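Reading through the structure tokens given below for one structure.
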Amino acid sequence: MNRLEVDFLGVRFPNPVVTASGTFNFGREYAHLYPLSRLGAVTTKGVSPRPIAGAPTPRITETPMGMLNAIGLENKGVDAYVADELPWLKAQGARVIVNVFGDEAADFAHVARKVSPYADLIEVNLSCPNVHGGRLPFAHDPEAAAEVVRRVKDATDRPVLAKLSPNGPLLPVAEVLEAAGVDGFSLINTLLGMRMDLERRRPVLGNRQGGLSGPAVKPVAVRLVYELYRHTDRPILGMGGIASAEDALEFALAGARLVAVGTATFADPYAPLKIARGLEAFFQGRGERWRDWVGAAHTPD
Amino acid sequence: MNRLEVDFLGVRFPNPVVTASGTFNFGREYAHLYPLSRLGAVTTKGVSPRPIAGAPTPRITETPMGMLNAIGLENKGVDAYVADELPWLKAQGARVIVNVFGDEAADFAHVARKVSPYADLIEVNLSCPNVHGGRLPFAHDPEAAAEVVRRVKDATDRPVLAKLSPNGPLLPVAEVLEAAGVDGFSLINTLLGMRMDLERRRPVLGNRQGGLSGPAVKPVAVRLVYELYRHTDRPILGMGGIASAEDALEFALAGARLVAVGTATFADPYAPLKIARGLEAFFQGRGERWRDWVGAAHTPD
Amino acid sequence: MTPASPELAPRRPRWDDHAVTIVASESLGPHQRLVLAMPTLEARFGPGQFLNLSVPGHVLRRPLAPSRHEGGEVELIVTPFGPGTRDLVALPVGTRLQALAPLGNSFPIPADEAALVGAGAGAAPLAFLAETLLRAGRRVHVFHGAVSNEDRPLVQAVYERLGLEVRYFSEDGSLGRRGYPTEGLAELLAGGAEATVYSVGPFALMRAAARLAIEHGRPGYVSLDVHMACGVGACLSCAVQTTAGQKHACVDGPVFEVREVVW
Amino acid sequence: MTPASPELAPRRPRWDDHAVTIVASESLGPHQRLVLAMPTLEARFGPGQFLNLSVPGHVLRRPLAPSRHEGGEVELIVTPFGPGTRDLVALPVGTRLQALAPLGNSFPIPADEAALVGAGAGAAPLAFLAETLLRAGRRVHVFHGAVSNEDRPLVQAVYERLGLEVRYFSEDGSLGRRGYPTEGLAELLAGGAEATVYSVGPFALMRAAARLAIEHGRPGYVSLDVHMACGVGACLSCAVQTTAGQKHACVDGPVFEVREVVW
């Protein structure tokens, strides 16, 4: 009996632990450590229509139990990944969630169409700036975000997740996206933050601001997953600071059906696998299953 | 030469380090450790017109490099504090920032009027729920927040700080409050968060959600102070995770003229004093002054 | 600051932040015995008082009630529970920490007999109380409860060294009697013993002990385990509902008379 | 996974996560010498390669380039800089950590002479290189720069044990010559030495050394110090602008030919 197996929008995941976008690239760097098929899924680095060089360095810096990143969405563009990485990743037997973004709604759709043959799910990154909307992130502009979802839904037959931002209003955006036909949600993306360099009397990061991730943000992420779960019946991929099986269980109780591990992989490249094993041992010991725990903190006492 | 001296809205502070509301009560608990006059100021626990019993326990829980609290605004009501605590606190020679709140704008004004004789500054806590506004926090409802500021300004001759919330939009609220006549800002209040109890499969806190504070939130706080500083010419009292002189300097660079220490006092009751001493040594060593650093990260290279 | 005049206003010794060093750390099955050297503390802990101990990597301190205070050394019994206590019991001997102490109130000394009802690390403050009572010439009954026999090393360490005979109760009967320690208390009180009741342990245990004390008209005291941040009355996190209104466990307790607690 | 065939495709030893133990920790003035026992690492570090070391209480590892790798032990020179390296140098002997290793590329071996220009902990990979070169029978010149004489213990520890004569430059003239180590390099190259140049240190120093190498038509290599998270090519944080486009220091470097770097 596989106590961790979970169905998510019609896709069967052998366990609920997936990698978080941008922290595992396309998996090649880690594939010699363990078969990628042992993970719930690999979520790819964000893919845009054309290559992007990214932000000036330093692109990362550490903060108390967290890190800031301002990679600036560096990627080689969809054609390179469709040629070199996605077929390889699929051939590893891994389930694949492709994270897509662009400057405008049509870009998202373009990428989604091209990666669909290799994708089990499409994750739409709404935290990237809307170039035609004053560079406000899509996630903070419900109408622009809805347009992205509609276009992507038209472009692919794969289930589409909207990745929500913790920096703006959450539930109003989720509501509009549901109406636009989104299949599920993933959250949280990073919280905007900053660290100062006392020698240079300047922000540490080349981009000044960056996205905060890691254990520091976990309470915020659990809260947002909990609030979204109360509001929606669509499934949730939860993330933000997960570094242990216990952390993953907090997200399950709050309502996450899948969980992603990001920053923790930098501290331990085996982290996603160890967390899946930890969950297995936990449920084995209690004679329960992962899916019994999903949303369990919401059931009345 | 006092390198730390700072003028803030016409009040002279011997150093910029004040205690954060709700973490130091009215100072009596710590007064046997050091004279409270050595601090920049004491910010009191939030004071409401009538006593409030507060939230069910547990009211606090720890998170990675942070803590969640849901005290539920417990306090004895303004009359008790005017009778017992504020005269005593003033008699210690401490500068006093009184944190005020209520169910509606008139409550804030009522409290501000009563505490004014003992207050150097009034800090208006806009994160508390607006009882007549669907219990949405005032900070998320610019019009209600502006009404609070207007009423408090009318009720007191002391400078009035609006304490902003990191959970909603910041700059739009700040803008409206400036128009309403606010003298300065203090931020950040806590970030909403949650921790799950795996044994009980329930949120740990009696109130389910709580406010996240401590080093974990520092990058978010520095970023918000930095953004507000670019936007306003009114002085800023910055806080969120400050636990060392270096942390305080990050806030100065971002634009904070005063800084508050909250959660760190639980780890070390001497923390506010040690941070002030650390700043003194820092500026002594460099032959500079605190006020040279305020906002210095904004000056062009 | 003007010095207090102890003759006129006898009051609690004021707490301060003390540098401490772990000088011994010993596993007692599921619990850990830690001994802290605390040379700067002049006051003596009373049984039931606690300290608020720093743990490296954690922003909050952890409240812990000593099981003994002797010659500048404080003994603690710590049960690893969450991340903080797990990290604490793993610290090597020689680690330096900080402790706010002494905090809170302590158990009053009974006129005559005392019945101590505990479980787990609740044995720590109770053992301290037992030692104090034996020195004061009081008669002490100890009832200790556990799930199975995992608390044997703990009971040996803190009670048997006092020469006390502990009545042991375990849920599975693997040590002492099968059942709960309140059964021992019930028999003692039913037998007419004029004992003051003291209980530290899980909420349900303390409530059961409190009910027996009230039923038999005996004084009773419990130490309430409330989540704490500051430990000194400043943060208001440790609210306790009492018949005299809301109190705060870190300064008004942790010890409360059983009739005062709203159970 | 199919095993690679080394004859057909000679490639870098693959990194893994290795349990390491601090077996020595010694202060060298402003630096700390750490020795890690790393029994499970079969591959040998090349000079310039690095490991990504865990530090308790920190979510990111810290990249560090060994100064020696001998008999299952790796020697590091760490300069406390921010919170992570400060915590690292304070760890007691016996502490167990995790290290991703071996990471990155290494310095190529020159045809004949080598000129090493370093400062601070840049001496670590350069000393490793020097040792490798001496074993390979190459001639090695070392120029080390510092603010004053604070690096004396470091130079003794890593270079003098190799029997190397180090030309020392200090800004205040308190040890060796007053000035910068690139002055020594300039004189060497001006004298016609056919040396390959290697530089590790602050950006300005490496750039100055690179310019001299280019000016004199000599090959030159630097190790770029870029903030890293994963250390293995997955996070794209360590971007470096090169004449061949954007590269990533953790996998394409940290060693780059000086003509390839966009200075």
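Things to note:
Lettered A, B, C and D in written order, each chain numbered from 1.
Here is the rule we go by: a residue touches a chain if its C-beta (ideal position, glycine included) is under 8 Å from a C-beta of that chain, and two chains touch if they have at least 3 such contacts.
Not measured: the values here are computed from a predicted model.
The minimum number of touch steps separating chain B from chain D is 2.
Look at where the CA atoms of chain C average out and do the same for chain D: the two points lie 55 Å apart.
Chain A and chain D have Cα centroids separated by 36 Å.
Between chain A and chain B the centroid-to-centroid distance comes to 34 Å (mean Cα coordinates, whole Å). Of all residues in chain B, those that touch two or more other chains are 65-66, 214-215. In chain C, no residue touches at least two other chains.
The touch graph of these protein chains is a ring, one cycle where each chain has exactly two neighbours. Each chain pair that touches appears in this list: A-B, A-D, B-C, C-D.
Residue ranges on chain B touching chain C, taken from their complex, read 22-25, 29-33, 35, 45, 53-54, 57-62, 65-67, 69, 71, 74, 214-215, 263-270. Residues of chain A touching chain B in their complex: 63-66, 68, 168-169, 191-196, 198, 201-203, 209-210, 212, 214-220, 222-223, 226, 241, 246, 249-250, 253-254, 293, 296-297, 301.
The residues of chain D lying in touch with chain C in their complex are 56-57, 92. Considering their complex, residues 1, 14, 16-17, 54, 58-61, 82-84, 98, 100, 226-230, 232-240, 246 of chain C touch chain B.
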